[in-house]
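Below is one structure, written out as structure tokens; comments come after it.
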Amino acid sequence: MKVGYFPGCSQTGTAKEYDISLRKVVEKLGTSFDEIKDWTCCGATSAHVTNHMLASALAMRNIMLAEQQGLDDIVAPCAACYNRLVVSQHETMTQPALKTEVEAVLDTKLNKEIKVMNLIELFQKIGKEKISENKTFDIKNIKAACYYGCLLVRPSSITHFDDAEQPSSMEELVELAGAKTVDWNYKVECCGAAHTLARRDIVLDLSKKIIDDARDHGANVLVVACPMCHSNLDMRQRAMKRAYPGHKEFPVLFLTELLGLALGMKEKELGIDKHTIEFNYKELAAEKAAV
Amino acid sequence: MSDKNWEPKIVAFVCNWCTYTGADLAGTSRLKYPTNVKLIRVMCSGGIDPVFILKAFERGADGILVSGCHPNDCHYNAGNFHARRRWTFFDELLEYLGVEKGRLQFSWVSASEGKKFVDVVSKVVNDVKEMGPFKSYDELNSEFMTKFPDMPEIDKNMIIKEEEAV
Amino acid sequence: MKIGVFICHCGENIGRTVDCPRVSKACQWLPGVEVSLDYKYMCSDPGQNMIKDEIRKKKLDAIVVGSCSPHMHEKTFRKAAVDAGINPFLVEIANLREHCSWVHDDIDAATDKAIDLVRMAVEKVKRNQPLTTIEVPVTKRTLVIGGGIAGIQAALDVANAGYEVVLVEKEPSIGGHMSQLSETFPTLDCSQCILTPRMVEVYQHPKIKLMTYSEVEKVEGFIGNFTVTIRKKARHIDESKCTGCGLCTTKCPVKKKAFNSFEENLAYRPAVYVPFPQAVPNIPVIDETVCTYYKTGKCQMCVKVCGREAISFDQQDTLVTEEIGAIIVATGYKLYNIEKKPEGSMIKGYGEYGYGKYKDVVDGLQFERIASASGPTSGEFKRPSDGKEPKKIVFIQCVGSRDDSKGFSYCSKICCMYTAKHAMLYKHKVHDGEAYVFYMDIRSGGKMYEEFVRRAIEEDGVKYIRGRVSKITEKNGKYIVKGEDTLASMPIEIDADMVVLATAMIAQTEASELAQTIGIPYDKYGFYNEAHPKLRPIESTTGGVFLAGACQSPKDIPESVAMASAAAAKAMVLFGSDKLEREPVVAKVNELFCAGCFLCKKVCPYGAVEVKEMKDRNGVVYKEIAYVNEGLCQGCGTCTASCPSKSIELAGFNNEEVFAQIAAL
Amino acid sequence: MEELKKLAKELLENKTVAAVIGYQQVDDKRTKPIIVTTPEDASKLVFNEYCLNNLAVYLTKARIKNLAKQNGTTLKLGIVAKPCDIHAIVALIQESQLKREDVYIIGMNCHGVVKDYGMDFSGETLATKCTPCDSHKPLYSDSNLGEVKDTPKVSDEVLEKIQAVEKMSHKERFEYFKKEFDKCIKCYACRAACPLCYCQRCITDKTVPRWVESSPHSRGNFSWNVVRAFHLSGRCIGCGECERACPMDIPLSLLNRRMTETAKQAFAYVSGRSLDTPTLVGSYDVKDSDELFM
């Protein structure tokens, strides 16, 4: 099986380990990626709040490339990319005026709708059962709080993916990989990514609430499916420690990294060593045993 | 349009309970719409025969509206559902035979939708104005008139003539 | 044929934009028109006398009146025509007011159109056939569907007037939602105390045939002459033997398998149960789905304890047919269960409020049971999760109501009042408790209603916060309610012990199915449509079917009761005469040409088309053709448009008449 | 072939049927309909690629129906029917023109028939109704005879023509059909050949009021053809007999087939396929598309 791949800018930079682990896990599950050639920004930058036309055209350029490459579906592992692509495509295809404008900018006709998948939908397409079938390493000591963030499930009238308020699809995958999950409150709350540069105080407050609630509900790992969420929740913890003395470090894993562990890959192989907050399964298991 | 003063002739076949009453409400609310439209009242949209449409085209109608109660709101429960199937076929057939889509239009207008009635009627009038006179059918009609000049027809001009005579 | 044309100025209403004298003058020359006149007010006595005089003087055969909508004064002019000796169906109305003068500005164009409209009417009236009204007999029995307060009231009113009533209730007991309520606003009197005497009155009334645990399966016929099939579900208890001692229910070993729906799932009930102690009739029902006997064939504890041998495991559903003249639909409402998302939709549902997930987030009816002295907590305020007394309760209004994106657009109307009542009841019992109400607007129109809400705020200290709640999360046994105080423009967080959601009142689950069974229209929410929103709010558009209570739209108790009495009065109006007159707009088959394809029979919404055998002189059937039962036909004409050979015609709107109008365009 | 003759003979002998409607060989490339009423004549029956009439049309004729009435009792009518003809019989039963028990269907397996008499049976001469056909065995029958062979594969000519017409502008289409309809001489052979045109008095013969102008001018021709196609919408089983009967070669199948496609696409309905489903025209689904309506 071959799936179109739209990496997005984070995958080549701050979230390189997401890209590494994603490719490895997907390969292990018997699927390969057909990367969109000459892909560009998805428009999730400031474009979509400052220039609607630009944001739509940026997203649709990638959709257009996918169509020209003969792809039927593509995966956008970054939740922001996913959201942008899905929403732009919906708006463009349902608003004839916008479509005409975008087509003029792109100098091409947009004929078909490409199915844009997020990370979870990708695994649903590959086959959830493949995760449990290929599982070689027991990660039962992980108690994961699955964090969906704001963009993965919203707006549900367009994404048609899971319940926007009480989602459960990520938990299903994590449990199939052999880890445990916790029921907690902040699954879909905002981590503050939009303010990450301008108002760090807000980011720290919001992100800390997420981490604290996960810990309060018995989790020992946060699992995310978005590079923006990851950078806020993982990278900001040092600043969090300065702002909130007594803050305890809390590991944040990409879903693909957790799946990689279950499929028998090592932390280093998956790029987990690139995280700000260290994570090592053996240590976690030992700690748990000590408690 | 070659003739600037041309005004289309529009007929609306409407059901007694919803659209006719909706049109009454448009009146009571003093909403305005073009004078081109004349309503023919039947009891239910289910009782409108497609041949009525042909007859109206034969009488020189440039556009036709068929309108009844919304689904589930039919005074007779199901008349409009049967109508919906019937018109799906007839609309496809006429379009296939070369009658432009806008010549024959359909709507659901409830008794409380005076505003919608006005919108629908205005849309039909505008669409038909844009399309111009129904030349294709006019050809059929004029051929008929030349072939059968003595066929009894109720002629609008007749009234004016007699009036002038007096 | 001599036709009279009468153009009404309607004061200024028509006259302002339509040049009425020009219309009447132009119409003088229409073929067949004998006389054409205009007058200031045709519907006035002098106007009508003018019509009558002209008919008599000129010996007119038919008349056309150019006036207001036929829905306004058709009857008036028909009566005038009858007085002057013309058949009422030889009167046509050209709608010059609603469809012409009121909707156009240009006098010339409007006058031209008016002439066209009159001409069309003249052409139609030429083809009109004289018709006679049809008389049908009336069965003076009423069917009331639904045994809530509306159904009870309607049944009692009709029965007290001396007419027989069949009251059908799908639950094992009558009483409906009102029997679940603790106290009622704005008087705070005990709901059951005022309801139960009426329930007993229904049970004992000689004119009321009570059928509980029964559902309407089929409705055939028409106004005054319905035949209704009712499914009497198997109770598995012989009603004639049971004394209602209740021993079986107390001895049943099935304790925690089935939720008690009367207690809104806050308690369990045994497999053989009476919904609540005051149930009418006080006869238990065996729930096959949980009863041990139906699973294993063993147990039979109830059989052992019953001294009357009333248990009957092999009892079957029975179908009962009743002859009915009028139907009162009083099926009520249910609450929107926000936990479950309607199928195929992702946007509905309120996952953020955690209803169904958090045990202490309850809906309005559950709170009624908690507050009720006969409820699972015996009226003490205890929260469902741990039985502790909640010290802080948050009430959220408009959950599902007035919410286009997630719920329904309409206002559920009673939530403002019952939330105030809830908060008040809570404060009366838990003096140190805090009650917060999140509201959008307080809608308290009604006698003593606004005063009641003010009392909650001012005397009982309920804290009202204007704003919506975005999320409820749980932390250490507390529910963190996050919302916005829009008056203070501040986000607000309350750590509550319990949350009560005033969820929307919605149509019953099978409301649309029942509507299709009876043959009445319903709106997009499933509420039944009244015939006219202002002037006929009680009638449905189907003759002889009346609406009462919340099945039509959200309503409180007094409104439901008022509507029920009105529906009863409507039924009795029907029973006031022995025969019904109805318009003779019915279909008729041309027997010579009918090919018997029975498409008309398939499309007829009323089952009015029957099969008729045509026999030759030897009595041998040579063909089967369609036949219209005039009593059943409601005159929609769907059959006439369907008939491929045009062998069926609708009197009063026949095809020739329509063609004449088209030809006159 | 022999088994057909044998079966017909038996049916007639034991009075199961009053008559067998079937085909008789005229010459090697031509058959004609025959109504066999005696066991002796049963030997005249044949079935081959030249049996192209849809005999179901005879079942609606009073004269034939009367054959079944013998001495106060009613026997069945036997009919030799191709699978496509059986669709017509099914439609007739659904429309109350026939009772299932009144007819004995000798269902023949079929791999196509020729376009018209006098042609050799081959892929090129395959009747246009056979190209899209997927009914090679009878859906309903009382006896099922004949061997199953592969149908020649040829392109769907009618569908291609329809697509070509749909590519035209509205004006061109109107002109095209006007030209075709103008050939009409109002002989109503299409109506007579159609098994589903069983009305005792056709709409076009109704004069008060006059529904369809019956004199031969463009307008009347247009109305007649529109009404004919509309009345068959959702009912036509596609036997193509109307077009074959038309002496003026009006491409009637372009209309019928187009409406059949509409029935398929809009309502997932194919006429004459099942006795258990309600007819498309005459029933409704609350969920039917509402797209057409403002």
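Just so it is clear, A, B, C and D label the chains in written order, and each chain counts residues from 1 on its own.
Note that in this section a contact is a pair of C-beta atoms (placed from the backbone, for glycine too) under 8 Å apart; a residue touches a chain by one contact, two chains touch by 3 or more.
For clarity, every value in this text was computed on a predicted model and none was experimentally measured.
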Number of hops, subunit C to subunit D, where each hop joins two touching chains: 1
Innermost chain by mean C-alpha position: C
Pair exhibiting more inter-chain C-beta contacts, A-C or B-C: B-C
Greatest separation from subunit B - chain, by CA centre: A
Between subunit A and subunit C, centroid-to-centroid distance (C-alpha), Å: 50
For subunit B paired with subunit C, centre-to-centre distance based on mean C-alpha positions, whole Å: 34
Interchain centroid distance [CA atoms averaged], subunit A/subunit B, Å: 56
Approximate Å spacing (C-alpha centroids) for the pair subunit A, subunit D: 60
Subunit A: positions in contact with at least two other chains: none
Contacts with 2+ other chains: residues of subunit C: 603, 642, 655, 659
Residues within subunit D bordering two or more other chains: 203, 211, 281-282
Listing of all chain pairs that touch each other, if any do: A-C, B-C, B-D, C-D
Complex contact set, residues of subunit D against subunit C: 95-97, 198-203, 206, 208-211, 231, 278-279, 281-283
Footprint of subunit A on subunit C - complex, ascending: 341, 346-347, 349-352, 354, 357, 471, 473-476, 480
Complex interface listing, subunit B residues touching subunit C: 9, 11, 17, 20-21, 23-28, 30-33, 35, 38-44, 46-50, 52, 55-56, 59-61, 69, 72-79, 82-83, 86, 111-112, 118, 153-154, 156, 158-159, 162-163, 166
Sites on subunit C touched by subunit D in the complex: 592-599, 602-603, 624, 642, 644-647, 655-656, 659-660
Complex contacts: residues of subunit A adjacent to subunit C: 156-157, 159-166, 185-186, 189, 213, 216
